[in-house]
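For reference, the structures are reproduced in the following blocks.
Below, chain A partners chain B and then partners chain C, in two separate complexes.
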Partner chain A sequence: MSEATSAFSNQRAVNIGFGVLIVLLYVFLMAPLVMIVGASFTNGLLIEFPPQGLSLRWYVEFFDRQDLVDGLLLSLRIGAVTAIVTMTVAMMAAMAGQVISGRLSGWFQLGMTLPLLVPELLTAVGLLFFLYKIQLAKTVMGLQMGHILMSFPYAYVSIAAAMRQVPASLEEASASMGATGWQTFRLVILPLVMPGLAMGGIFAFINSFDLYTISLLLKPLGGNTLPLALFDFLTYEFKPTAAAAATLSILLSILGVALVQKLVGLQRAF
Partner chain B sequence: MATVEVRDLRKRYQDFLALDGVSLKAESGQLVTLLGPSGCGKSTTLRCLAGFLEANGGDITVDGESILSTPANRRGFGVVFQNYALFPHMTVAENIGYGLKLQKLPKSEIETRVKDVMQLVRLGGLGDRLPREISGGQQQRVALARALVLKPKLLLLDEPLANLDARLRDEVRWLIRDLQQQSGITAFYVTHDQSEAMAMSDMVAVMKQGRVAQFATPREIYQKPVERYVADFTGEANFIACSSVMSVGEARYAVTAAGASLEVAGVPEITGSAELLLRPEALELTAPAAGTFQGTVTKSAFLGAALHCEIALADGSILKLTAEPNHQVETGEEVGIAIDHSHTWLMPEVAP
Partner chain C sequence: MSLRNPKLFLAIPAIALIFVFMILPITNMVDMSFRTPGQSDPFGDDYTTMHYDRIVGDAYYWGVLLRSLLTAGAVTLLCLLVSYPIAWHMSKAKGMKAVFLYACIASPLMTGVLVRNFGWMIAAALNGPLNEFLLGLGIIQQPLRLLFTQGLVILALVHVFVPFMVLPINNALRNISPTLIEASTSMGATRRQVFRDIILPLSFPGIYPGMILVYVLAVAAYVTPALLGGQMVSYMPTLIIGELTGTFQWPFGSALAIVLSVSTILVVGLFTALTARLMERSKA
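Here is the complex of A and B:
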């Protein structure tokens, strides 16, 4: 009896221990976000937490700064194109990956995620040389290519995971009922991988929005992405405008995730 | 509806010969079962028929015309999969109507035909459910309905009952057989379960290592197997090695088995050594002196409908026997065994 009780209280202690660990983990993950969001609403002149008074003046300031707004617009545009292109290409790659079997399959997966394994700086330098060769260095197109390359693995991993949940027999069943390859894709595969596809697009977009190193090397003449513009800004002025920009970025990510949740449901994405 | 012939079909994977010259024929309206253990090539044969796999040699003809160059989606065959392969994002009615919708039929016609076939497989009222919301047996009936609604030339069933429990298996088995006979669709049915094969089929192909070991009616493969492998796979069997084999007429032989001299029917033209096949139900317990064989009871088990015994003969071979359930036997008892001569069968030790 006493043994059973002590086993029970041990279990309780373990549960409480885990609970505390999880809370600490959340604090660790959330603290920077809370700080930066809080700091953006300050009425003072410095980035500080807790904020001095409440105001939206730094948001107004952000939208008044042409360099930051230009950066935001370029980042949004590049992010959107990156999401669309990586979703399309990663979808095709994931379908190819399904057909490849045996030892080759492992190499294929590795190849698709290679940009994650090579340091970003090296990829950026290599790509810069390549872009000079094809006359695209220092253009928006070149930067766009870099972002697609760096974001592709995120889209691929998400879409390939969704694709693995679709058994080959569904495609065979569809064919046996007279469907062409395209009809099977549109009516069976696409609806089933849609959550993973949307999630892959969001990952690619957020990753692109956040890229710094590669943007620094490949940026077009006279153009800046938001992270570059913010870094330039912070070099000379340590004003809460940067916190406002960061808060806007966070808001954008949350909006994206909410959109997927609304359209296809997040539970189904994982 | 359609006569289907498979001729010398071959399929090779890198270093594995999956099909080594498979030949079969299904007459119009017949249900042909491909029976064998896993890896014998039965599913590979079916997948070649469906068009999911490309054969490396041989031919498949439907009503005399080769279909090998026709892709799966233009063969017009219905396929029922072991895992059902229902589309999880479509309702039962949408799953069944999928093929009709692809044919761009008017909505009202699709609705009527889906409703009719759902009535046929007893799925009435479940049209709006998703596959995950219905039971395994119901899912299998949706899969069946989905294939039948397109009025296929040929129905291909790949172990359709393997994932069902025993009670449902019986129910769906009869449903499949009834529907197949009513509609007169030629069908190929893959299974590793011999009782399923025996109960449902017009013809059975027992497969072994990428070849057809025997292609015959259920009665023939059970009573007149061409080799031990077939006899073993189609049910309980006793084999007694024969010491002398003399031909005494067409497919009749005089043999000496476990000390007894018998005249038995068998596979034609046996030369060399042979074995006698005795099914447990062809044997009967008698008084020691009255039997063809004498032996000692080593095991007995009461199974309700029957009594299973194992009897050791003088030469060391063991006979399994099914006796009438009220028969009293003791382990260690001396008994005689009478043979129903119409059920004995002599086979060569290796197939000719």
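Here is the complex of A and C:
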């Protein structure tokens, strides 16, 4: 009897210990983000957590800084183009992926996700040489190509997953009733994969917005993306303005997470 | 499948994108690593093995390479230790709780590496939260200088890569059929036995890709050591970027990048060979 009770209380202790561990691990995951957001609202002159008083002065300061705002605008612009191009190219690739079967299909998937699996550093170095050769080095166009390449797998994975949910019979039915290929695509397939397509665009945009290494190597003359401008700012000035800029970036990712949950559900997306 | 299916042509832009802007350029890096140093250009016209000779003959580069490989190894193992309990906990969650937990994993994942590293800069300040935490636990007696240390680089890298490990392990755990666990429990297996003989081997198909991905990405991580590592210690990626953007020694920078890639592939190959039996067991 007493042995059974002690085994039971042991089990309880283990469960409580595991619970504490889990909480600590989630604190570890969220702490850096919480500290940035907290530090951005400080009224003091130092980046610190907990903040000294509350104010929005560092957000005002951020929008007064031409270099940071220029970085934000360039990042938004490149991210938007990246999202549109990767959504289009990935949609086409996912449709082709549907008709590839067997062993080749696995290789195709691998190839489409290659920029995600090979370290960004290697891709960036290779692209630096290549853009130099084709005379696109240090141009916004070259940087844009790098961002499209690096963000493509995110768009592809989301869209391909959505395409797999579309039953082939629907397409056949549509064709047998006399719809052209384009009509079938526009009226049958596109509405069904729309959530996955939108999610792919969100992932591609956010990934582009966050890229650092490839932007550092391919950065255009006189142009900085927000992460590049933020790195320089952290190295030379280290004021709470940086926390305000980083908070805007965190806000974007939380918005992205909320949109993905609404579109397809986080559990299916990851 | 018919090769004449016109839908296959839709893959051409994607294949061209990856082939022209990634596979060709990376292959071209091998060529670049054998070029002579340039005078006015970043590289010369002739071929030489001098860059590899220089790396192999200099203990400094061996040291940096070893530091990069070991740091990434430590990051990978710590990632596994942090990720497994999270993935385990997540795989059991349902409904709104599951959504909340996924959001906790996805929000850091979708926040840039630079921003997350910056968060650790705030945490690691001399009178910042991390020091307070360690003082509170009684682990240290006075605040430590944490910024610009290797320890902080490792901590921040673990934070960057945890989601990459949690997601595949979580998927593997979700695929384990509960009847299997019930069956073994009803046949008298203890919780420890169930974990060791069933759950751990069956989650290996999630652990393996998670570990490989984290290792490969950690070896080549540039931002974290550049921001949090300070000037005192070098890692391969910081050296490579320095050669490419600072001194414009493209051939030498390429040779360093190739040495790093080949070493990484060797480590991954070794790991795969060592764990081949575990992988077989998980399939049986």
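Everything that follows uses one rule, which is that the second predicted complex is superposed on the first by the 226 of 270 C-alpha atoms of A that agree within 3 Å, B and C clash if a C-alpha of one lies under 4 Å from a C-alpha of the other, contacts with A are read in each partner's own complex, and residues count from 1 in each chain.
The working rule: a contact is a pair of C-beta atoms (placed from the backbone, for glycine too) under 8 Å apart; a residue touches a chain by one contact, two chains touch by 3 or more.
Treat the numbers as computed from the prediction; the structure is a model and nothing was measured.
Engineer: After the alignment on chain A, I want to confirm one thing: do chain B and chain C clash, or do they fit together?
Structural biologist: Fit: chain B and chain C sit side by side once superposed on chain A.
Engineer: Between chain B and chain C, point out the one touching more chain A residues.
Structural biologist: Comparing chain B with chain C, the partner touching more chain A residues is C.
Engineer: Which partner does A:Pro227 reach: the first (chain B), the second (chain C), both, or neither?
Structural biologist: It touches chain C, and chain B stays clear.
Engineer: Would you sort A:Ile84 into first (chain B), second (chain C), both or neither based on which partner it touches?
Structural biologist: neither
Engineer: Could you say whether A:Val125 touches chain B, chain C, both of them, or neither, answering first, second, both or neither?
Structural biologist: After superposing on A, A:Val125 lies in contact with chain C but is clear of chain B.
Engineer: Taking the superposition on A as described, I'd like to know which of chain B and chain C A:Pro191 touches: first, second, both or neither.
Structural biologist: Touch partner of A:Pro191: chain B, not chain C.
Engineer: Once the shared chain is lined up, is A:Ala242 touching chain B (first), chain C (second), both, or neither of them?
Structural biologist: second
Engineer: Touch check for A:Thr180: first (chain B), second (chain C), both, or neither?
Structural biologist: first
Engineer: Just how close are chain B and chain C at their nearest CA atoms in the overlay, in Å?
Structural biologist: Checking C-alpha atoms only, chain B sits 8 Å from chain C at its nearest point.
Engineer: By the touch definition above, which chain A residues appear in both interfaces, chain B in one complex and chain C in the other?
Structural biologist: On chain A, the chain B and chain C contacts do not overlap at all.
Engineer: Under the definition above, what is the set of chain A residues touching chain C in their complex?
Structural biologist: Residues 18, 21-22, 25-26, 28-33, 35-36, 39, 47-49, 89-90, 92-93, 95-102, 104, 108, 111-112, 114-115, 117-123, 125-130, 132, 145-146, 148-149, 152, 156, 203, 206, 209-213, 216-217, 227, 230-231, 234, 242-243, 246, 249-250, 253-254, 256-257, 260-261, 265-267, 269-270.
Engineer: What residues of chain B sit close enough to touch chain A in their complex?
Structural biologist: So the residues of chain B touching chain A come out as 50-52, 71-79, 81, 83, 85-89, 98-99, 102-103, 146-147, 150.
Engineer: Okay, in this complex, where on chain C does chain A touch?
Structural biologist: 1, 5, 7-11, 13-15, 17-18, 21-29, 32, 42, 82, 85-86, 89, 98-99, 102-108, 110-123, 125, 128-129, 159, 162, 167, 213, 216-217, 219-223, 226-227, 237, 240-241, 244-245, 250, 253-254, 257, 261
Engineer: Considering the complex alone, what residue numbers of chain A touch chain B?
Structural biologist: 167, 169-170, 172-180, 183, 187-188, 191-192
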